[in-house]
Structure formats: C-alpha cells, structure tokens
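Each of the next two complexes has chain A plus one more chain, namely chain B in the first and chain C in the second.
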Partner chain A sequence: MIENARSLNIAASLILLIGMLYILGPLYLTLATATQSYEFLLRNGLAWYPGDQFLNNVARIFTETRIPIQMLNSLAVAFSLAIATCVLSFLSAYAIVYFRIRWAGIAFALILATIMLPVDIRVITTYQVASNVFSPVNALLDVTGLNGLIAEAFGAPVQLELSVLNTHFGLIAPLVAHGTGTFLFRQFFLTLPKDLFKAARMDGAGPVRFMFDILLPLSRTSFAALFVLTFLSGWTQYLWPLVASSTPDMQTALVGLARLLPDSDGEVPDFPMIMAGAVIVSLVPLLMIALLQRYLVQGLVLSEK
Partner chain B sequence: MTSESTLFSNRWLPILLVAPFMLLIVLFFYVPIFQAFYWSFFLEQPFGGGSMFVGLDNFARVLSDREFWQAGWRTIIFMVTASSLAVLIPLILAVAADRKVRLSLPARNVLVWPKGVAGASIGVVFAFVFNPFVGILAPLNKAFPGIWAPGIDGTDAFITLIAAHVWGGIPFNFVILLAGLQSIPRTMHQAAAMDGAGPWRRIFDVQLPLIMPQLFLTLVLEFTESVTSAFALIDTITHGGPGGATTLLVYKIYKDGFSGYDLSGASTQTAILMIFVILLTAAQFVFLGRRINYER
Partner chain C sequence: MNAIDTAIRAAAASITVKGLTKAYDPQTVVIPPMDVELKAGEFTVVLGPSGCGKSTLLQMIAGLERVSGGKILIGAREVQDLEPKHRGCAMVFQNYALYPHMSVFENMAYSLKVAGMAKAERAERVAAVAKMLGLADYLHRKPGQLSGGQRQRVAIGRAIVREPAVLLFDEPLSNLDAQLRHDMRVELADLHRRIGATTVFVTHDQVEAMTLADRIMILNKGRIEQFDTPKAIYHHPASVFVAKFIGAPPMNILPVTGDGSALRLADGQVVANAPLTGAYQLGIRPEDIVVDGKADGHAVKAALRFREDLGSHSVLAADLGGSIVRVATPFGADIADRLELLLNFPTSRLHLFDVATGRAIPGAFGAQ
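Moving on to the complex of A and B:
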C-alpha cells in the first residue's frame, strides 16, 4: 500500500461484502430450502434457516427421478469432451506451429472462427446434420452428378444414413468442434524458446519424439487448465444435450433437473426436492473448482490472450 | 532438411494431425452454417418431405413478421443491459479486490464459485428465489399485492433474467479483470502518487486505462455470450413468457424449429442472427479495438 487510503478501503470492503452476499445468498437459500419439507415451504415460504429433511429430499431425487443415471451421462459427456478437446487441440496446434506448411494460417483461421458462433446459435442445422452425419456426403454426390452415374450403373443412387442423435457420441462431437483449446496451445507453444526446438533437432529428435518427449511434458499445466475449463463447460451445456437426447436415460443431469420444474406457473413446485437436485447436480463442478481453482484461473487467464 | 531449420518439413504428418479435428469442425460447424444459409432460400418440409427454391421469400416472410422484430429488439435490450451490468459489476468488484483489504482473499475465492453452477441450475435457483409466492420478494407481495409478478409482468420477468445472467457472468469477468489489474506494475501507482494523484483518482487515471485490453475482451465475449447463454435461463425461468416478453431470438428459433417444425423460418432467423453476431464482433474490433493501446 502506498499510502493509507481509509475511505477507499472501507468502500472496497463494503463492495466486496455486497458482492459476496449476492453470490452466496442464492446458494445459501438453495441449501436451506433443500433441507426443508414441501409442507414447510407451503406454510412458511422461503426457508431462512436449515431444517432436517435434506437426506429425505436427496433420497427422493435418487428414487423418484432419473437424475442418478443422468449424472453418469453428464460425467461421460464432460469427461470425454475434456479429453477429446485436449488431445485434438494439442495435435492441431502442434501441426500449425511446428511444421512448415503453407496452409497453417488458413487452418488456424478456420479453427478460430468456431469461437464466434457457438452451438446454441446453429442448433437447428447442427441437429439436422447429427440426424444424418452422411448428409453432406449425399449432397456432395448429388451436386457433382456422381449419384446420377451410380444410379445408372447400379440401379439406385447412394443414400448413406447414420444418425448420431441420442448417442453419447452425438452429445459430445458438436461440442468438441470448438477452437479455444487450439488457440490456448498455440499461444503456449509460441512462448516457448526457439532454441528448445533447435536443440532437440540437433540431438536427432524427429517430430513424433519431439512431441512426446519435449512438448508434452512442458504442456502439463496447459492441459490441466484446458481440461478443467472444458470439463466444466461440458457439464454445464444445456441446449445441445436438450435437443440431441430424446430419451430420459440419455439426457444429462442438467436437462433432467430443468425438467423437474413444471411448465405452468400456477402451483408452487416441490422446491425442496428440486433444490436438493440442484445441489447434487452442482456438486461435481463445485468440487472441481474448489480443488483445482489454480488451474481454472490459469485457464481463464490463458484463454484470453 | 538441415538441422538449422526452425520447423519440421514433413508433408503428410501435419495433415494427419489436423485431420480429425478439422473433420469434426467441418461436419459440425461449417456444414450446419452452410445449411442454415442454404435452407434460408428454400421452403423445407419437415421430416424430409422435399424442398422448393423460393429465393428471398423466407427472408421477406421473417422480416415482415412482427414477432421476429420484437424478439430481435428484446435480444438487443437484453444484450446491452445484461452484458454491461455483467462487466460493470465484476469491474467494481475487481477494483475492490485488488486492494489489500481483509475481505479481498475470501472474495477472490467466493466470486469464482458461480462458474461451477450451470446456466440451467442458475435458472432453477433464480426461478425459486424470485418466485412470487414463496420467493425472496413474497413478503413484499403480501404487503403490496401484485407489485412483483414475473408470471404476469414482462418487466419483472426480464429483471429476473438479467439478475440471473449477471450472477453467472461474474466469475469469468472478475478473474480476467483482476488479472489485468494485478499485472499493473507497482511503480505506476507510485509514480502517480508522487504526482499527487490520490487513490480514488488513480482508479480512473491509472487502473482503468491500463486494463482497457481486458475490459474490451470481456465486453466482446459478454456480448456474444449474452445472445446465446440466455437460452438456458429463459427455458428454466420464464419459458419466454409472460406473453412473449422474454422471448429472445435464440429461444424463438428453438421454438420455431423444434416445436413449430418451421425449418425454413428457423434457418432464416439463424442466418440473420449469425450475420448479426459476426457484424457485431467485427464492429467492436473496428471501433473499440483500434483505440486500445496494448503497450504498457
């Protein structure tokens, strides 16, 4: 501190206090409500203090809803998304930075553009593509006239069909098509000294060896940061899992949780049970943040550069 | 190949490395985008009943639809109010947390927590907190009946959405802005203090100008984010109501496409929304990005 700025410090403390109340208030109310019974809610309204019905509400989530199975789906989606993003981003960034290729700039621009239009915007047509992943191939065959030739030769045009909707692959793949990871790794590679590369070459390391023995160990923190970031984003996805899954057993926990809210506005929903569900669904990401906050903050800061 | 070169010169290996990722991106990013624009020129039957080229008819139909303009206008209002609040509040918090006061360490921890609570969970929680019958404002409602009615009053529903959006947006913007503030060298503060600038004054003359890059970044990201992330909140809190008062464009597209089976209309609106987002990002870079000095 350069000088004693009392007024500013008091103001700062006050602001931080209000900010923390704003963040913690809804969280506390969620927890407190999750420990009350539905009857208590109807009688007294908002629960300002915790009750003793938490285990009961949690038990109802586990027996009356599909959230346990959906939690496994969420875990599978978030985990595979994080792994796939880490691996594919690392490989593509490696190719773009360390190889003399003329198309590096174009490839990078094509990958980077994905950040601008997230899946929520293009959901309608992404859904159509996922309902038949071969539709671009079919269209290509039609447009080029190849299908006409095939139809003449074999009696019928080629119409390939494979839907990935309502599969784990379909839930994950469109989310992987996102450029943040490549960007993060590229920025990191560019900060590494050039001499590292030259020294490795002089010692006779080829591209594969350089990648596994030098780049991979150095990138450990970037991997951790990206993993945490994408895991959280996979867990918190809503619109895509909502449309891409059609059976309750394929939905993610978040979609299942939102389904617990009734559509109509009239009656008071069973908030204690729903809040218990919200607590359970948020437990995994919150634990992750608490344990791996260092990497999360690093990831957030890295992804801005 | 000489060992002096700073790059590998294999020809096929890099293609092999990029190919799997590129395949996914083309299939699930570029094909859908192309298809949205392609379909906006065709009248598409749901369930693959064939399509018919209609030129600009779809655009004419969408652009003459009052609901489309209302949803677009609401999207812009939401974007401007929600995202400026979602940057301003973390900014104030970051400036406060940057000072060495006792609360700043716990605050730095707590303010990141919402990052772990998904948009839809936030929606579920805020739907409860602002519920007119049992929520936080229920006592107020008992005293003055009808003063808080997000189920009937569109403005109330809109305020709920914004409060929830800002709550969820605090962690990212807070972390970025705080990192920017902490990378300001101490000597800058000391020099300004020597020149007689008090601590309040230094906020506006030293800190804010020096974190312009971070401020710019959070604003750009927040704009696109607010266009899209609103979906989970709307779908859990208001369902677009009351009377369409919170039907933003993303929600309308979803409804038209998946409930109304109007694929051409939904594709056309998607195309328009994409152009809007791209233009917005470009405009921000042209008008704001240029004035920012990245040198320290």
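Moving on to the complex of A and C:
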C-alpha cells in the first residue's frame, strides 16, 4: 500500500534524514579529521571541517606504521577465504543436490548448523585447536585408552603437536567452515531444470565434465556474489585475527589500525593519522563492491537467467 | 534423402529385453520380470497410467537407472552394465533439459564434442540436422530465446545428431499446449518416416500412442498388458485394462451371466447367444452400439440419462440394468426427448473378458 498523505511523507523523510546523519556523521568526522594535523587535533579535538594535511597523513601511514604490510595480510586472508569458501561450498552443494548420498539431509543440516556457530562463539576452542591441530587426535587417543597401550609398548604416550597460530593458514582455515555458501549454491542448483544432469550423462559427460561444462558456467553469478560477500567478511574480521596472530607482521590491517592507539593512558592518540589509515583500509572493500555490485545483486536473486 | 537420414537409418538397432526387473526393495517391485523385443527401426510407444513403470523402463534402457536383474540388448550387444554414453542411446526429456548457457549450436554439438569429434565434422553434422529440423536460422540463439516448439526441436536435434542406435522420448509433448502438441506429433511422425530410427516413446496420452506408434506397449503395474499395433489394440484388446484405457469414451464393460445358451445382463435381458455358463465381463465400444436400427445382434432396452453433443457426434449415457452405457451416435440423431432407447449390440462387435483375470476370451462369439 502506498500512502500519499503529506504529513506522513514529511515524517518519513525526517526519520530518513536522521538515520542518514547517524551513519554519515561519523563518516564525515573520519574524513575531516584525516585531513587535519596532529597539532590541530591537540588544540581543537576532532575536526568538523576539512584541512590540508590528508596526503601528509597518508604518507605517514606508509612510512611510520605497518599498515601497508598488514593490508597485504588482509588481502591474502580475504582473498584466500573467498576462494576457499567458494570452492568448498560449490563442491559440497554439488554433492548434496546431484548425488544420491545416504544421510545427505543430515549432512546438509550439519552444514547449516555452522551458520549458527560463527567464530566469535567458538573462539576459545578454535584457539585451542589452532594452537595444536593434533589436539583432537591426542584427546581421542587419551580417551580411548590407546595412549596407555602405546605408552606401555613404546615407553611414552603419543603427543603430536603442530601450531598454526601466527600463520596465514591459521588465520584463514577456521573462517572457511561456514555453511552460507553451500546453502546459496544448493538453492541455486534447485532452480535449474532437474533433467540437466541426466541429459549431460546421455551426451556422454560424466560428473566431472558436467560440473565444468554445465554447472560452473551457470553458477557464474552465484560465484561472484559469494566471492564478494566472503571477501568483505574476511577483510572486516577482527576477533579471530586479533587472537590468532601475535606479531605485527602477521596481523591484518583492521587489527593493525586498532593497535595504532597508544598503550599508555593520558597520551592523546594521533587521530588524524589513524583516520587516514581507516580511509585507506576502507578503499579495498569499497572498490570490490563498486566493481562487482552487479553480480552481487544478480547472484542473490538466486535464479537462472 | 540426404546423408544424415541414411546414417541414422543405418545406425538403428533392435532392443531385446530378457527377464528385466526393477525393484527398489523386495516390497516395492516396479517392474516384474519382462521379456520383449523391439524391432530395428520400429516406433514403439510405451503407454500406461502414471506409476506403471514406463519411465523406469525407459531410463533402464538409457542407462540412467540401474537394472535389478535381467538383460538389455541393443542390437546383439548386452548393455545393462554399460554407462549411458556407451549404449548408443539418445534421449529427449519432458522439460527439454537444454543447457541454458549454450547456444542452439553448442547444445546440439555438445555430445559430439565430448566424444572428441573434430570441429569441422561437428559443424557439418549439426548443420545437416539443423537444416532437417528447420533450425538453421536459430543456431546462434540461446534456448531462452526460443519458443516451446523450437526448444522441442532443439532437444530432438541434440538427440539425433549423434546418429543413435536408439532414440528415447520421455513424455516430450506433455509440456506443450494443445495446438503445438498436435503440430509436433505430425512432425515427429514425419521425422520417423524419414530417418527410421528405432524409437521408444513414453506417454500417458492415448492419442499420441495411436497416431505415432508402429506398435503400442501397454503397461500396467510394470507388466505388459498388450503389445501390438494400434489397430489390433483398439479392435482386439487383450484385457479389460486395455479396453478401458484406449478409446474416448472408453469401451463399455458390463457384467453378464451365461445360462448355457445366452448371455444375460443383470436385469435379465439377453444381449448375445453363446453356449457359455457363469459370470463374464462383456465389452462393446460406444461407437459399435446401434441405436434403434437393425443389426445382427440382440436389442436391449435402456433408459437415457443424459447426452453430450460434441459436434462431430453425440455421446449418450444410458442406464442398462444398473450400469451406465455410453453410446456414440451421429450428431443430431432424433432422440432428444425420449427416455427409453432400444440399443442393438452387434454380436461381431462384442468382446468377452474373464471376470477373475480380466483377460479377453477370444472366439467366444465365433470368428471375429
């Protein structure tokens, strides 16, 4: 229903305006402060009007901080996360939709359950596993009593150890386990004509050929949408990179930005430089959306063209 | 006749099915052991109600469904354990199942490409088939830009471009509207006359079966009720099931009792002379009953219930000893307001069926 009352229109516009101010205000503050000098900040606080120090602040980000290398880390994490998620989701959805698998329903339910378990919830256990990827194996050996037998036979129990903390792999792997992509692809596959798989088999194409020749080209837009979404979520991850990386050279840009705040109390943070850093760090996801927004919408519509 | 026609005719092979069964588990047997032979170049229509196993049979021939037992031979080759691509079958699906992202040309050439055929030869083959099907102007289009009939033709083209030994159709016309269905039926009949491929066509539409088939295989719960020419199936149905399934309106089936010299209806009227005793089912087609006129059979009285005027003819429904009998008469026959009809059952047009088995009893009224 479309209301056309004048008073309602004014009220709605007003609410919209307030909402926009609420979002754009801090953004403006960020941009304005990024263009002022540290001395200006010390005298006047956050800037409400732009200055002429932006390039200077940007230069300082590149010379005085580790944000550039941390951005490379972020890029590596976000990119690998997006690729790994796309490939894994596509393959698992392919298996669930096109093959008669026993327990396929249960497998899909478990995959969906991962959506309810983001890394923020399981951060402690995930940290434990990441600090020693064999810890589940060790625990299993202990619980089953196998380790007791091994200790008797060889003199010592098995204790395997491999830490992936502070590596790119450790930053990425725990984030890949997420069911959204599988769900997205599954829903898309279900919209395709159901005899397509049989038709391809009659044409002599096996499951692998069908995947590469038919399914993959048809899924292009879904791929792009999932890629953008996962890339953005990877770029903006904060909690996991914070706990999983310990050296500045392994931290991501978002963690690095937060670390620019001085540790000691009483010191005024160099907000102009930090804001300039925030602007630079935001550029990459912004560019991503600008380039791929067409696919983002198409892919989420979830249907064959 | 051009090269592709000849090639397809040469590739056509017979299909022999020996003891073929399909069961998902011991309780749900879809197809009990079946033995049948389809001749090379023959157009066989598999007809039956939904759930009779006709699609399962087709998919087993194609190799899309595993067989539970028995053998399938295409030509002299046992194929039941082969992958679909090694069987030499091609299939046209109900919803076409064209590849949406490929052009008409790519759709038709895909199987040849997978088989590793050289590019030039591929193009030549597709061009020949496209020309035969009137698709030459649409080769660069995507399936989404085609009409229903054109998509259907692409699906057929994709199947025959491989010069298959066997051409399989899985209810290919059921998605089309009435007019287009009629046109495609004519086209299919014409195509088969030209290329002579061994064809198995699954449908639940008796008109498609009657018009297209060399022989019709009627399936009921996975069993072959009758496998014969359309004419024989219509005029000599082998069972009550076939008699009721074919014909619109279907054959009338009336319970009768033999007293040793004549067959009597439930209300005692004599419909035929026959030296039979016991209960039987009597069948007669609506168009074989003569209203009022003289014929070489007995006349019985029936009460008219209602009539449907269909233009080409009228269908009367009359109450005869408690069962409804349908009678087809010429349009506008002067019987509008009469409640009682005199129906003449020509003895030569009667069919007699066993009550318990439903099978036809041939020769019950002398030679037919």
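Keep in mind that, in the parts below, the second predicted complex is superposed on the first by the 264 of 305 C-alpha atoms of A that agree within 3 Å, B and C clash if a C-alpha of one lies under 4 Å from a C-alpha of the other, contacts with A are read in each partner's own complex, and residues count from 1 in each chain.
Rule of thumb we're sticking to: a residue touches a chain if its C-beta (ideal position, glycine included) is under 8 Å from a C-beta of that chain, and two chains touch if they have at least 3 such contacts.
Here the structure is a predicted model, which is why all the values come from computation and not from measurement.
Visitor: Touch check for A:T125: first (chain B), second (chain C), both, or neither?
Guide: After superposing on A, A:T125 lies in contact with chain B but is clear of chain C.
Visitor: In the superposed arrangement, does A:L218 touch chain B (first), chain C (second), both or neither?
Guide: Once the two structures are laid over each other on A, A:L218 reaches chain C alone.
Visitor: More residues of chain A are touched by which partner: chain B or chain C?
Guide: B
Visitor: Does chain B (first) or chain C (second) touch A:D52, or do both, or does neither?
Guide: neither
Visitor: Please work out whether A:E152 is in contact with chain B alone, chain C alone, both, or neither, and reply first, second, both or neither.
Guide: Once the two structures are laid over each other on A, A:E152 reaches no partner at all.
Visitor: May I ask you to decide whether A:A205 touches chain B, chain C, both, or neither, giving the answer as first, second, both or neither?
Guide: second
Visitor: Examine A:L196 and indicate which partner it touches, taking first as chain B and second as chain C; both and neither are also allowed.
Guide: Touch status of A:L196: second partner only.
Visitor: Return the residues of chain A at which the contacts from chain B and from chain C coincide.
Guide: 194, 198, 201-202, 304
Visitor: Over in the complex, which chain A residues touch chain B? Could you list them?
Guide: Residues 1-3, 5, 7-9, 11-13, 15-17, 19-20, 22-27, 29-30, 33, 41-42, 45-46, 88-89, 91-92, 94-96, 98-101, 107, 110-111, 113-114, 116-130, 133, 135-136, 173-174, 176-177, 179, 182, 194, 197-198, 201-202, 207-208, 210, 232, 235-239, 242-243, 254-255, 257-258, 260-261, 263, 265, 268, 271, 274-275, 277-278, 281-282, 285-286, 288-289, 293, 296-297, 300-301, 304.
Visitor: Using the touch definition up top, name the residues of chain C that touch chain A in the complex.
Guide: 59, 62-64, 83-85, 89-91, 93-101, 110-111, 114-115, 144, 158
Visitor: Per the contact definition, I'd like the list of chain B residues that touch chain A in the complex.
Guide: Its residues touching chain A are 3-10, 13-15, 17-18, 20-22, 24-25, 27-33, 35-36, 39, 89, 92-93, 95-97, 99-104, 106-107, 109-129, 131, 133-136, 138-139, 151, 167, 170-172, 175-176, 179, 189-190, 193, 198-200, 214, 217, 224, 227-229, 231-232, 235-236, 239, 241, 250, 253-254, 257-258, 263, 266-267, 270, 273-274, 277-278, 281.
Visitor: In the complex of these two chains, what residues of chain A are touching chain C?
Guide: Of all residues in chain A, those touching chain C are 192-196, 198-206, 209, 213-214, 217-218, 304-305.
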